[in-house]
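Common to both upcoming complexes is chain A, partnered first by chain B, then by chain C.
Then we have the complex of A and B:
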């Protein structure tokens, strides 16, 4: 084990952790406000990646400009999707489990549409920044006498991290300083009470769904920049990371998802360096199962056992 | 209809039992006659497999109220137990498949702590456990599991004997739920599903009852996997632990109606036929249509065919198992 690998893992941990935090945030908006556990979130995100991909290949549009466009388009798509899917769910006996199944159906449909359009192969996303890498610092003698180990970080990852940080700060401001944001947090705490004070719950819920979908799309664009290849079948892997993050942080808890996302990013990157590949892939799930069994409410939430 | 309403309870129960027994007997005769009639063995085998899977899932999901989104774990372990015993240890499938059932029960006991989780948490943990098991099988030594290529039973594959074993397993599953629906345990499970605390207060042993349900579900999932391995003769970690297996099981059971004995059978028979039609007509859109059926079912018919019929015509409730 040497310092270069560990430092790279630490930097990767921050970059990927921030992406996971964003995934967790948008999943949590749905889980908290709507009580919808979005199995199709991975496909929403990949749709965002393809959105940037199409604009880049067809119009050579820089993904950084695709970002706000994607947010707007996905926001309105999400609001429409809400009225199609969610209001009927409220009548069911166990809305969360029903939503899980419903969104699984949506996920199957989205995967087959995306593989139909883009085929099942992984698409390379040939966008790069100038310069490609940023040299962070040099460690003397990292590989023995007289040789230098350098910490190289792709510019794309740094840019993505910067944008991600801005989005997360913006979200925090939105949730804690604006009226709609406060209404969303209030709806997470008590849906009935929010209606008593005169808030139109359907409108608020559709805004929440739009917001979560827009965030998913933006995450997709960022993910395409960080990992420049798009796999139409990669949704389940992404959404499972999302589940790990929101369960770890506490279902529906916005701050919890941020902390848990970054924590999980570090755990994942370090176990990639320190463990065998197959074992490293299991770490996340083992954490998930362990957290649920030991502390089902997550790091920040309240009790949920039956 | 007024005549029906006048029938007394015991008579209604007798008619209900007779109807259900006729349905089961007709199914068994039909399925058992297929090899002699030179019918489509694969289609009828998968029909029986899904009836059994949906019925097994119904015990924990319908009767007890837990949605095991990793139900495929039992199925996958069943296929691997059977294949490893048959291929590596030269054991007869007639021993290997019951052994798979035992593994299913033991796995259910191992995963029993997850039963204290409510609703969505149970679904997510169950899903994660099935993925962990899939990866563990991938990590196991290749000479045992065949690694990512999987295992082949070769000449030990037997489609005819496998087919009739599936008939037996299906009958066993149907008899088990029939018994369960009338038994004390079945009533305890429904009480737990509706209100666990109240059931506990009434003297139901909540933990033990739902553990029994979970073990029965695990048993039938694993048996299905075992027979499937014998019938098809090939398996690999991706297909043996495919989340679509869980999805189909859940959808077939829900389409008919969770919590009823007849529901999963009716739902499976209808949807496997539909699936077969879709598969033949539009291979590319197959998953799209499966997803669409799932979404439409949840939105418009969450109680399934039988459940909706019972709700709309309460009088027939007494005649449906």
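Then we have the complex of A and C:
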């Protein structure tokens, strides 16, 4: 196997793995705190991509500047959406099933709105960094004697990886060092117990929803930078990866999402290099099925006895 | 200010066709301990759940400190000044002991240093300060009950509901628990105490209410309850 391809796959694995980890983290926040499976999360991410697209095409705003703006706008939009939709679910006999159906409806609605505004075609996002690629190192005789192979990494991927790392460190600080973050973690462990110590669960849940929506928006901007084409119908593929990541890592486990995201990124990228396209698409799902069979609570989750 | 801190009038809770709590009237005097006893399924924990808002009662009222708190949310009731522990401790298992206490201070204006100092003080009072950086899941069941008590003390409620605090707790921890309850009562806190441990109930409570099949069958001082024929028949099966 060609060393250049393998190294490129490894770098791609880290870059996309970090994006998947971010998707898993935000889905985990929602699943853990609200017990809501957000089927529309992929559409929130696509909406983030379109947010960057509109600001870039209309105002030539660099997507790196769009990132914080997107985070703030999506955070407050998420909190409003929470109060419009989620508290009513508590009155349902089966809130978790209802939440799944509700968010599926939101997903369909968002696809329709985005298709209506941007049409169904995939939109190119014509933003690029200078230089376009960064040469990491050269491998001698990579393609035979006397022929050198270079490891070229798109600058966009490196920038996205750096921003992702900062976001993940920020999230870790928030969850483990601040009182609201600790309260969110406590709510993932016992929603009733946080209420009896005086925490307003609806306010906390709206913060969680806002945070997850902001993370989705930011992920969308980063994805638009890394993969410069935006498909209004691409949400289900993204959310499916998110579900795989949280099941692999363990539902409600932030470190699990991080590790599982990177793992899935590596598996996906190496499979693309080493296997045929059709087979490569299956590998991630085979791992998912294997984990569910062998360790149903995920790599980091704990088995619950009922 | 009235001397009654907690009062329920005609409290009713149904689960489908089952009436778990049927017209229960309770009066708890400020700075005292009211024992609530009864056989399994008598409705003791259900009364507690209605008082602190985890269950929505189907009838009757709950008054706390002069306010009608019926149907208030659990967090509003906690803010009003009612704390709670559970029969099976509900500590935050994957958080450190100190964080278990700190989360109660989400809306506090105190500095982090002050909050940590206060949390360590309460952990010290339940002999857990040495373990403050351990996770809740690393504690024994009895220690988890003490951690719950420290967590309640952290937000300083006027009334504390204790659900089976001595069940499954070793004698040494039990003594520590009783000492802390007595100290808190002497400092003016009030308690609603549910326990199967009649020795502790008789020792701590100034008044006792006996429930059977969701209804109050007796109430009074310790000696009245000990000698009440209805209690002896219902509770001891004699």
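In this section, the second predicted complex is superposed on the first by the 302 of 306 C-alpha atoms of A that agree within 3 Å, B and C clash if a C-alpha of one lies under 4 Å from a C-alpha of the other, contacts with A are read in each partner's own complex, and residues count from 1 in each chain.
By our rule, contacts are C-beta pairs under 8 Å (C-beta built on N, C-alpha and C of every residue); 3 or more make two chains touch, one makes a residue touch a chain.
The model shown is predicted, which means the values in this text are computed figures rather than measured ones.
By the document's definition of touching, neither partner reaches A:9: not chain B, not chain C.
By the document's definition of touching, neither partner reaches A:218: not chain B, not chain C. After overlaying the two complexes on the shared chain, residue contacts for A:85 are found with chain B alone; chain C is out of touch.
Once the two complexes are overlaid on the shared chain, A:37 sits against chain B while remaining clear of chain C.
Of the two partner chains, neither chain B nor chain C is touched by A:27. Residue by residue along chain A, chain B and chain C are tallied for touches, and B comes out ahead.
When the two complexes are overlaid on their common chain A, residue A:66 makes contact with neither chain B nor chain C.
In the superposed pair of complexes, A:193 makes contact with chain C only, with no contact to chain B. With both structures placed on the common chain, the touch criterion links A:283 to neither chain B nor chain C. When the two complexes are laid over each other on chain A, chain A has no residue in contact with both chain B and chain C.
Per the touch definition, chain A reaches chain C in the complex via residues 179-180, 182-183, 185-186, 189-190, 192-201. Interface of chain B with chain A (complex): residues 65, 67, 69, 113-114, 116-121, 123-125, 127-129, 131-132, 135-136, 138-139, 196, 243, 247, 250, 254, 284-288, 290-295, 298-300, 302. Taken in their complex, chain C has these residues touching chain A: 52-54, 73-75, 78-79, 83-84, 86, 90-95, 99-100, 102-107, 151-152, 155. The touching residues of chain A, counted against chain B in their complex, run 37, 85, 88-89, 91-94, 96-98, 100-102, 104-113, 116, 236, 240, 243, 247, 251, 278-279, 281-282, 285-286, 288-289, 292-293, 296, 304-306.
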